[in-house]
């Protein structure tokens, strides 16, 4: 099957080649785990390696912040925008939603104008202010996500998770059920240091790697490494050494 | 006793042949655990192997999504619909409820039209918006479920569970008490990887396998495998190695 | 002392012969743990073995469901009803409460009509909708329970517990304080399988067995077996192997 | 110092002789732990062994229930009442509070009438309905407790605790701060059985035994036994074997 | 630096001599941990050993209670009050606040009248009723605390903590941020007994002992002993034996 | 890259030289962990070692408190203010926000007046009272933080965390997502003593040290030491000894 490569070493392999085209892909993590970096890398790779122009929809940060942040990885977003391969649009959830609901809205025009194939929505968490009714909010996000797909876009949607270590006790999370894939970025404490873990929990219509992999943010962007070894309870954020390694130490004696 | 086979290797065995006819069967799980796949497989098996036409009631996804998703497993839902063996109906909880309350409502007509014997309700979670009063909601769901049974249908009802690992602290769950069977799909972290577990917690009027079994979503649908071994606390999502294996390692020395 | 036998092998032994006459006995458990089965067995045993007619008060299920469910255990509730030894009454908490408050209400008449000595109230959880004020609700349940006793009935009251494993964090549970006995049915995960545990926590005016016993639902109803062995934290739902067995393994070496 | 003996073997020893005269003593526990039994034993011992008449204030149960319950331990409360050494008064928190606020109220008269020296208030939990404002409720209870002391009474106040095992997450408990002593009755799971534990947490103006002691309800009432041994985390309700016993098993080898 | 000695053996050593003059010092603990005793000892030591008269502000207990409680330790508060070295003032948070806001209020007059240098505010928890808005409450307490300092007083402020073992999940605690020192009194279960632990968590403008120390309430007041040894997780209230002692037992073999 | 040195031994090394210029840096911790000390040290180092004047914005404490607190470390803030290198401004979140929104507001004037390059905002927690709507509050803080950057300032923003040990269950924390770096100060219990831990969780646009480091508040300010060793679960506040050290003890035998 055709795939939309993220260009992130290790992640495309986990996704069996990349995202499925025209899908909505949720990337969730605590502050500093690299959600936006992952999304920018996805956009950058599309433009540079696949000839697929991209859109970035931001609800808080100015385009300048993306220019600066991308420059840290050697990606020239300002230049790409000048060349008509990228548009960074600062808007609000209210406006974006309205744009996509009407024929020929602003987003539709931008898609046509630069022939966009990819979009980064940074972050979906801002949609939460659109409704206090969770069923209503779900319907809004579902409509928004489907509109992106109708435009032919493959989307990376970031979402903020306030839990620094381990999982929150989400009692009302509907978003994860309506996206096509769901990737978790998490902090893990091991040997007095904080590591980063990536897990693809869900991928609709495709098999995928179920491992919990280490990753780092390097000067070239995100790099996904090997799975954690010899630890139990990684997703708790505070794993224990496995009894195995303990036993082996004895046995080797 | 006559049983309604799900056609899922391993699950029918756990259910001692399949679901009891004309019962409501709850399948609950986190995003990506395979609730809808299990339900589609149940519908597909009814049509293909048992000559039992089926209905799919959806409150969010379009029929096209089911065509696509089923195609991943080699099931041609579009064709089955054309042959009059399947109806995928996108509706709302409000309308479904009203349909079943009146004589000769839309659902009743569809059942008669194709001679439906099975139904997938995907997902029951959408009913939660029908009432904020839990006693009232319970009465609605109970009425809906009974109406399905009166139509002679055996039902698979999916339900979303927001907890990624382990159980939520449900303080107000009435649904599990009024269905005839209750199956849990759960994520379990073992050796730096996420596995899937299936447990039939409850089955009214029948014995059933109490094991916590591993399962996978393959290109042929869901396949239930052997129970987990040598682990304590599987339902917590983060099991510990059992002391047994530790002791054995010593003893074997 | 005279006792009201439940007819459940093992349970009567734990209760030192059975329930105390004219008491209210709470049976609480998660979905599928066998609360209703225990209650039906209590009613069935009264009719068949003790010559004590019985009432079943149901607030949700139709009498047909009890006919079906009891038939699974070889108990013919329909026939018993025809013989005037059983009445299954589908009603509402509102009506039941009013019935018992007036002289010669419906329940009083039924008691007189068949000479009922036992009652199953399935389930007390439905009373929760009668008041949002916990002190008021407590007074209602207390009045209801006392009225049953005044009618000379020994009552089994089922109650739903939404926690699948371990205990809920009940912060406002008054019912357990006003009943005469309190029995917990719980799920326990051991070696990748779900077992059922029964514990008589409280029994007013009598000694009782304090063990946490395994039980099963067989074709003859509930059967209470031996206590769990070699496990700590059974009531948590996820017990640990005890260090003892670990030590013994070493010592036996 | 003069002490008010409870007559409970083991408890008076823990209290260094008994309660301090004219104090309010809180006894808190889950359903079935024996709060009322402890209180009745305190009243019974006063009448029979110390020549101190007693009052029982009940807000829910009828006097008949106390006659029955006390009879289980061979205490004839009905007879004592006839002899003018005991008064069991069923009332409401509203009335009790008003009674104590006015000069020559009903409680004051009863105290004078029988020369009462002890009182059992069963249970203080019913006061919670007097106010939803916690500061106001605290003031009410403080006033009530002080009025009892002014009448020259030594009081046992029972309080219900909904947590079956371990502690509740009390965030707003003011009562324990204003009483003179605070005794906890708790369930503890050990070796597949439920045991009962008693702990005197607080005793104003006196030293006391800090041990967590086992106790049982026998045909003679409550009997306090030896402390638990070789267990950690008893107050969690689910103690672990201590590493000590583990080590000793090795060392003894 | 000059210090205000508490006179409590062990505590002054932990505080590097005592409290810093004209500071607000928070003492927090569960019922019975000895908050008021610590505060009375601080006042008593000031009067007897340092020639520093003291004030006690109480919002619930009558002065008589302080006379009685102090007498248990051989401190004659009634006499000290007669000698003009102590004033025990029963008031309300509303009045205290108003007193300190106006020039020449009652508290200011008392300070001048007896030349008070120390104050015990027992307890600060009663201030919580002054506002339901946490920012407003914070401002009130901050104003109150500063007013005490302006009067030249060194203050001990007690605060109630409802958690019997371990910490509460405080989500809105602002008080600890605005005081100058913060000392925790906690219960700790060790070997089937309840011990008391003291920890100075914070001390502005000074170094201090960071150990978790055992303490007892003796006939001479509070005595702080050695730190706990060989235990992990003391502040959880239910510490585990450390693996160290386990290892040592093996090694010594 | 140019960096803004904090002057704190160890921290600058962790930050790869210091903060990135014109960024907002969040320092979060429980009471007494040293948030304000860290902020004052940052301001002091700017003035004394880098020729960068600084501003302190305080919403609760008076400038006198900062004079006193800084004097403990030998920093003469009063003198620096007289020399025009420092301004300590006591204000309110409402006023600060308004100041920064208008051209030539008070803060802008102060920046110009002393040529301020650094700012300490102590503490950001006071902003929480500006709105009960979390999306609105987020927009306010974002606007405030950006205004500081526009003034050319590098900011340290302190934030209060009420959890004494371990993490709070934050369900609505948006601030950590919009700052440029996020540093956690935490208490950790080890061997019956409370230690302090520092962790740089996030640093936008730069690599940084991911270790969990010990730190102390000495007479020279904050000093960051080596990482913790041989412990698991440090961020829980109650770490366990690692199995490693256990094994090593055996192996070395």
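Order of writing sets the chain letters: A, B, C, D, E and F. Residues in each chain are counted from 1.
The working rule: contacts are C-beta pairs under 8 Å (C-beta built on N, C-alpha and C of every residue); 3 or more make two chains touch, one makes a residue touch a chain.
From a predicted model like this one, the values you see are computed outputs, not experimental measurements.
Both chain B and chain E are touched by no common chain.
Counting steps between touching chains, the shortest path from chain D to chain F takes 2.
Put simply, the C-alpha centre of chain C and that of chain E have 50 angstrom between them.
With centres taken as mean Cα positions, chain D sits 29 Å from chain C.
Annotation for chain D: residues 169, 240, 246, 250 touch two or more other chains.
Contacts between chains close into a ring here, every chain touching precisely two others.
Per the touch definition, chain F reaches chain E in the complex via residues 30-32, 60, 68-69, 72, 123, 126, 128-129, 160, 162-165, 168-169, 187, 189, 191-195, 217-219, 237-241, 245-246, 249-250, 253.
Across the interface of their complex, chain B is touched by residues 133, 135, 138, 142, 167, 169-174, 176-179, 182, 184, 199, 201-207, 210-212, 227-229, 231-236, 240, 242-244, 246-247, 250-251 of chain A.
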